[in-house]
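Right, I'll just put the structure down here and ask away after.
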Amino acid sequence: MSKSTIRYSGRTRARAIKTFLGQFLGYGGAQLGLLCLVFFLVTAAMPNILVGPLQTAINATGDFLAPPSGQHLLGTDEVGRDVLNLVVHGARISLTIALLATVISLVVGTTVGMTAGYFGRWVDVWLMRLTDFFFVMPSFVLALVITPVVLEVMGRGREILGFRPSLFVILVVIGMTSWAFVARVVRSQTLSLKERTFVDRARVAGSSNFSIMVRHILPNLVPQIAANGALVVAGAIYVETSLSFLGLGDPLQPSWGTLLSLAQRAGAASAGAWWYLGAPGVCVLTVSLSFVLIGNALDDTFNPRRRVIP
Amino acid sequence: MSRRIGRILLRAVITLVMVAILNFGLFRVIPGDPASLLLGGARTSVTDEQIEAQRQNWGLDRPLFPDQALDYLSATLQGDLGYSFKFRGRHVADLILERLPATIVLVGLAQFIAILCGVMLGVYAGWRRGGAVDHAATGVSLALYSTPSFWLGMLLVVIFSTALGWLPGYGAYSPGANVGSLDLALDYLRHLALPVTAVALGLIGQYVVVARAAMSDVVTEDYMVTARAKGLTGGQMLMRHAFRNAMLPVVTLITLNLGYVVAGAITVEAVFAWPGIGGLTVEALNARDYPVLQGIFLLLGVSIVMANLIADLAYGLLDPRVRQ
Amino acid sequence: MLDAADILRLESLQVHFPIQGGLFDRVLGRPAGAVRAVDRIDLNVGRGEIVALVGESGSGKTTVGRLITKLAQPTGGKLLFEGRDMTFVQDLSALRPYRHRVQMIFQDAYQALNPRHTVFDIVAEPLRSLRLVDNRTQLTDRVSEALASAGLNPPDDFFSRFPHELSGGQRQRVVIAGALAVKPELIVADEPVSMLDVSIRAQILQVLVDLRDKHNVALLFITHDLPLAWLIADRIAVLYLGKLVEIGSADEITFNPRHPYTVALRNATPQIGANAGRAELPALQGEVPSAARVPNGCRFHPRCPLAFDRCRQEEPPPIEVGPQHMSACWLAK
Amino acid sequence: MIDSSQHKGSLLEVDGLSVDYGLKGVSSRAIDRISFELRAGEAVGLVGESGSGKTTTAMAIAGLLSPNARISSGEVRYRGNRLPIDHDAAMRPHRWSETSVVFQGAMNALNPVHRIVKQIAEPCMLKLGMSRGEANARAKELLELVGIPADRGAAYPHELSGGMRQRVMIAMALACRPSLIIGDEPTTALDVITQAQILKLLGELRSRLNIALILITHDLSVVAECCDRVMIMYSGRIVEDGTVAEIFAQPKHPYTRLLIESIPNPASGKKIIRPIPGDPPNLVNRPSGCAFHPRCPSAMGICATELPSLDKFGQGRVACHLHRSSQHDKVAAHA
Amino acid sequence: ALSCDGHIVRMGANVSPDTLNPFASYSNWWPLVYTYDFLVCVDAQRHADRRGFAKEWSVADDNVTWTFKIWPGMKWSDGQPATAKDAAFTYNYVRKSIGTPNELNAGWNSTEGMQNVESITALDDDTLQIVTKSPTRWPIDNGVMMVPEHIWKDVSYADARSTFRNDPPLVGTGPLIIQDFQQGQFVRLSPNPHFRTGQPKTAGMVFNFFNTADPIAQGLKSGNLDYGISLTASQWADLSKDSAIEVGQNRIEQRDYLAFNTASGDGAGSTEALQDPAFRDAISYAIDQKAIVERAYQGHADAGAGLVMPAAADYYSDLSNIRRHFDLEEAARRLDSAGYRDVDGDGIREDKEGNKLQLELITGTSSGTLEIPIAVVQLIAGWLGQIGIPVSVTQLDSGALSARTKAPAKGGGGWDLLVAAGWRSPSAHDLLVLGKSADSSNTSYWSNEKFDQLLSEVEITVDLKKSQELVDRAVRLIYAEAPYIILSYPLMLDAHRKDCFEGWGTEISGWSYYPFDRLKSV
């Protein structure tokens, strides 16, 4: 009998995943978003195969700020590097930052929001004041504060998994500043979830607070988290870009944000170098749009109320 | 009702005190000594003694806690934000007040436009969910929502200023324009056009998304069926019954964003060289001008807390259920 | 009534939910109001006894159930389980043995099941949390057994279903199975059948009665339906605004009610066929007062057709009006 | 306008009405060829298991079906005229002034952000062309009528108890003096005392204003108390239709009989009555023949293959092979 | 474009004045120098037609007594007479603050150099005498701005160095008077009606300040600006195509350099190799200054060599006889022979302790007045990588950068390589201060007794020839030891429109101001 149960649940999961995927993929937005994302992921996975090694000033081949041509499909930058090459290589960092920062902020935000909402009272009051504070704090101020901390922790000049400290700074900053938003959403949802009878039932069944939070509340937060996750991704790419804009990027590993800020510093806008500004910008736009589309579709899929309306 | 207001006020006060305390600490953790930084920026030789003298002058040599912290708190309570390090001789409050109008005009106007257009579009899209307007509005607004607004700003400059030359791309006025001339207002408006567009376009997306979601929730509510059963026309149902209910989440967003009116759109202001709080923030940040940064941050904190306060109170007005 | 066989005793148990006082009130030390949801209730349940708790909506029935299952903390009085004082036990590890013996069937079967858990997980949850089984085989056996006894046959058909794949009656039975799986000695059943149509309703009642008959399980059956209470219970307790106004054997309460509120309840029950001799009393007037503003004197007096001056000033104590029949009314004697 | 005398006072005629719900491409028939007639001032109860299509029938008559519903056959006539129930705009003049609805959950059916007096006054202003002052006066009058002090009119829905909200809904339903009120389980969530008050009120108003009433409930005793006639629904079809007295005294359809038998009755002794075995049928693939046959204690071979039609039987109608005059003899012969 | 009707010169610049108080200000002094005169205008030493507060001056044979003749009948812009007493007041105001808690050492008018002053006195209204303790060029080199006594006599030291705002309109003796100042936005100047050689021809001048160069280039193109400075190479190239615009590039006193962290003990870099002159020498061969100028500066710089930049014409030498040439193989060879070999053959060299070399290069986000193009860093990292020394780059904002490059004793250090820039006056001391032991501007922490001695000798030398020789010795010494590798001397890129004004000069330098006051409408 135990075997049959395991078989059952295995089959159930598979069935649930299948119906979920079926519904999810039924949305045009989800298809489009996934398509874009897969495209960028592939790009990020093998930049060297697609456009050759990353160009720096030392192996740049083109003219300074040459407009798009057959040789340089997206033109060149102010040191003569091929913009297409830069954009393709930038995908990896930008996507990593966006995804990891999103994970950080979702984990922190969900934990804080759920704890505050579930325990209430003074835990709630102080956690939410803390949240308010991070809500108020401008991300770049935080970036300046924690840069030395991260450098200290990582050791000077070290790399972790091939990423340099400045990337970690950006990751941590985005993670830290964007969780407040998630925490608010999660908390309000938790407030209503914890009043559900099934939580009471779990308590009568002898479950601990931790297991109630993990087994009962968390799964019901999934639609919220999925929907907001998409917004956080868009926000993360955005913040990464503006941090680079303030000069906190890594000049040897250009992300799309760094490229935008380089373009700005080189005076691309007033010199009319639209390709230099446009290429990374369109990439940022496309990726965050595809996440928003996927998040929208996830929200629609998970939200039974939305499903009824055609 | 008064209980609710009391509770809301208490929360606001707690947040403000926390903002003030952390405000003090945070800016002192940032590496870089303002004295050496500023003096080092000069093209003259600076001796260590000079730096030390400057540190003394600014009180930076005293222990962070409690001396500097208490000084800061007591002065802040008295409304004295101190003098700027960088712009020597200027009261921080003066500096901020000087820049505030430009930011409020820019972001305020952009918010106004975005709220107007975004809410209208979003409400209509949610009302006719699945329709042509819905698809178009949602698509465009999602795209706008995902666009970094400073990039949008740069594009606008490249297109409308550099390439077409229709509108000025930078600053708030034409250099050398005569003060007091009637054209000045027109000139100001022309300069305002592009930055306002950039900020507003970025915001519209948010409003459309939220208003649409709220509206499509409201449409499924049972009282909308009641309204239909009563024989109301579509317009009557929308205006009399759906709109006010759909406004609840939108009001939250509006007030949250209103808090940011003060902070300005830092990156957009940088792109357009708009003389607002955003520019001041960047300058103060580079110079480690603690008093100014603290002032801006305090202002931001206060305005966000106030905005939350307004949100809570407005909620009470819109939704009688939370008035208890 | 000091029956040694009593499994549960409530001694002047009360719950006052504070009405959140505002900042100004707190500063000024003004006392904030309280919802007197349950107001000094004395009640005992014997082993293998079915006691029905009836009353209007909002009279505090569910709250009594939540007190017994330790989901709410009483603000006064005592909760004795087998003579042991459980009033202040709150620690999870100390509560576990109690949870093992006292279970609750929740009012709303749609709310009480986590939509993301399978039936198996739902029923197995208390077994796992209370560590009642050692291995997977045992667990599966216990779950099947519980589902089967709640009338869900064959059990493995339901293991992998999610709540939304069940009909209302099946859901209600899953909730019941969850409580039964623990093999408790006392079940608080909160309106387990109010939302069901007659056919499913009868099926579930039968299961509960069987439990008592076969396993000597005690049952606190909460309902607002007097005929239903009569049908299933040995004794009936009538609750009005958080206070027990009458208690007695099922037949006594049904056919010989001594409190005007019980009479009103009985009269209001719609019946099929000719309703001979129904209008003993004029119908009740007015709304149920809020539990936050309990009237002085007898709390029923504003709506009582028989109220007189004493009712408005003094609260009547419970008076013995028959064998095991108490009524809190000045007119009961 | 067709001469009303032609219709012998019949107010509403439902003729072969079927409604399908489309869900993710699968369409399921919620009600199937329902026909009945309602006279002015008559109260009819609609009873059946959960999911048998009671709400769907009511909403179809009121033209308030949800967007994924489709009327696949039949029509509804009101005072002899066809009602455009699938056309929102065309229905509009009819709404509330002729047919009003008391929705299942009064909690959600009232707009939470408007004062109740405003919500009651709204149809008066729109339908009867009253001024705001007149409408408010009328709203207060209506509130008094349903037993709510007029000064409570300034309250918001959440400030009222469930019973009061239900009465506000009823007051609202009466606002335009309709000829037909549809009450969809107006008392399910209420306790017996409040329920009794509301039912009494409805009964009084009905006789005073000659309003026809369709009362949906799963509680047979409620029907017994305040209806003239009952229609029993099972799996999207009407299986029996007759006067209250007749049906409770002599149920013909086995389902009706089981339903009535399972009501506890102190007079008949303390005994839990054997429930109807089995589960309600699935809408997407209904059992062939009579939908009740898998659970029917007196099912015959024919029940599994042939759908019994709703035929006149005695004073009412019944859809069962046991009670078809032609079939009757066969059954007898069988035995 | 806007019409030229206003006859107001519209300037675009990117560093905004911090305050108009010369005792407190130290950022952009451009607008201030139009209003206040130096005693001897810096231009005056090279351009005969430029004069400062003093019309002429002389020094006695003892080399310590200086006599200055103030312009007779000169007036402050408010009409009050401007005399030698005002000059004496200004100097003594600063001098007397020495040793007080509020010593005036913060702004342009600073006590620097005053320790060497014996006395400053106004002999009469037209004559000022300065006596120094030892021979020095300070009396004519100093940058103290002459302020009117009748306004400043009541200002306390504490106020003067911090909160006194000196609100416009100012009172000065310069050609253009600041009338209006909006922090971070603009400064408006109008002609001084009492200017000693007659009122300037234009109707005034407006400085507009921007944080980036984009608005400046844009303003020039659209005709909203007449003059713009700090342009990027791309903008400059773009503007040079416009026929209404004339672009220019000028030598300035900035040098962009690569510094090694030569500290040992606290604050040392990741490897002791940095302290080894042979290692630094070898690396110098791997830096191609010509390529840097071509690629990173797009030609708008002079290739770096020694400490002295070409703009400091008095001391410049291209060091041709000792200059290292770019040769990666040579660099590798020298590394090998100095003991930094790739022993384990993984392409990365090890230091003498056997640790793999991995250098951290730090650089700022904005550095000096002219930014260092980020391509410089890419090139350096690339070349070092090619000779087996991997380099990681950390970009820091200016605050963090200054914190990390502080002296180890003050908590700085811990980095390996630094790419930075400095803009100093072309005086002998400022040129050499980069190598002075324990000086805050010596970011390599390099310390050499001989160099320090040469520097202190230079400080008390009045004779140009002699100081040139001393400077040359010091420059060669530090070049050989290579704590710094000078990368380039960037050129300042500017442009002006030709349609409204004429009389634009050709030369611009941090220490001479561009003669905008002499512009005339077309």
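The chains carry the letters A, B, C, D and E, assigned in the order they are written, with residues numbered from 1 in each.
Following the convention adopted for this analysis, contacts are C-beta pairs under 8 Å (C-beta built on N, C-alpha and C of every residue); 3 or more make two chains touch, one makes a residue touch a chain.
Worth saying up front: this structure is predicted, and the values here are computed from it rather than measured.
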At minimum, the number of touching-chain hops separating chain D from chain E is 2
Need the most distant chain from chain E, centre defined as the mean of C-alpha atoms. D
Have a look and report which chain pair racks up the highest count of C-beta pairs in contact. B-E
Indicate the whole-number Å distance between the mean C-alpha point of chain A and the mean C-alpha point of chain C. 49
Intercentroid distance (Cα basis), chain D paired with chain C, Å: 32
So the centre of each chain is just the mean of its C-alpha atoms; given that, what is the distance between chain B and chain E in Å? 38
At what distance in angstrom does the C-alpha mean of chain E lie from that of chain A? 44
Could you pull out the residues of chain C that touch at least 2 other chains? none
Out of chain B, which residues touch more than one other chain, so two or more? 30-31, 157, 162, 169, 270-271, 282, 285
Chain A residues touching 2+ other chains are 144, 147-148, 246, 264, 268-270, 272, 308-310
Looking at the complex, which residues from chain A come into contact with chain B? 125, 129-130, 132-133, 135-138, 140-141, 144-145, 147-148, 234, 237-238, 241-242, 245-246, 260, 263-264, 268-270, 272, 274, 277-278, 281, 284-285, 288-289, 291-293, 296, 305-306, 308-310
Residue positions on chain B within touch of chain D in the complex are 221-223, 225-233, 236, 240-241, 244-245, 318-321
Which positions of chain D touch chain B when the two form their complex? 62, 64, 88-89, 91-97, 100-101, 103, 105, 108-114, 122-123, 126-127, 156, 158-159, 172
Could you pull out which chain D residues touch chain C in their complex? 49-51, 161-164, 188-197, 199-200, 218-222, 224-225, 248, 258-260, 262-266, 270-276, 279-280
Chain E-facing residues of chain A, complex: 56-60, 64-65, 78-80, 144, 147-148, 151, 156-157, 159, 164-166, 246-252, 262, 264-273
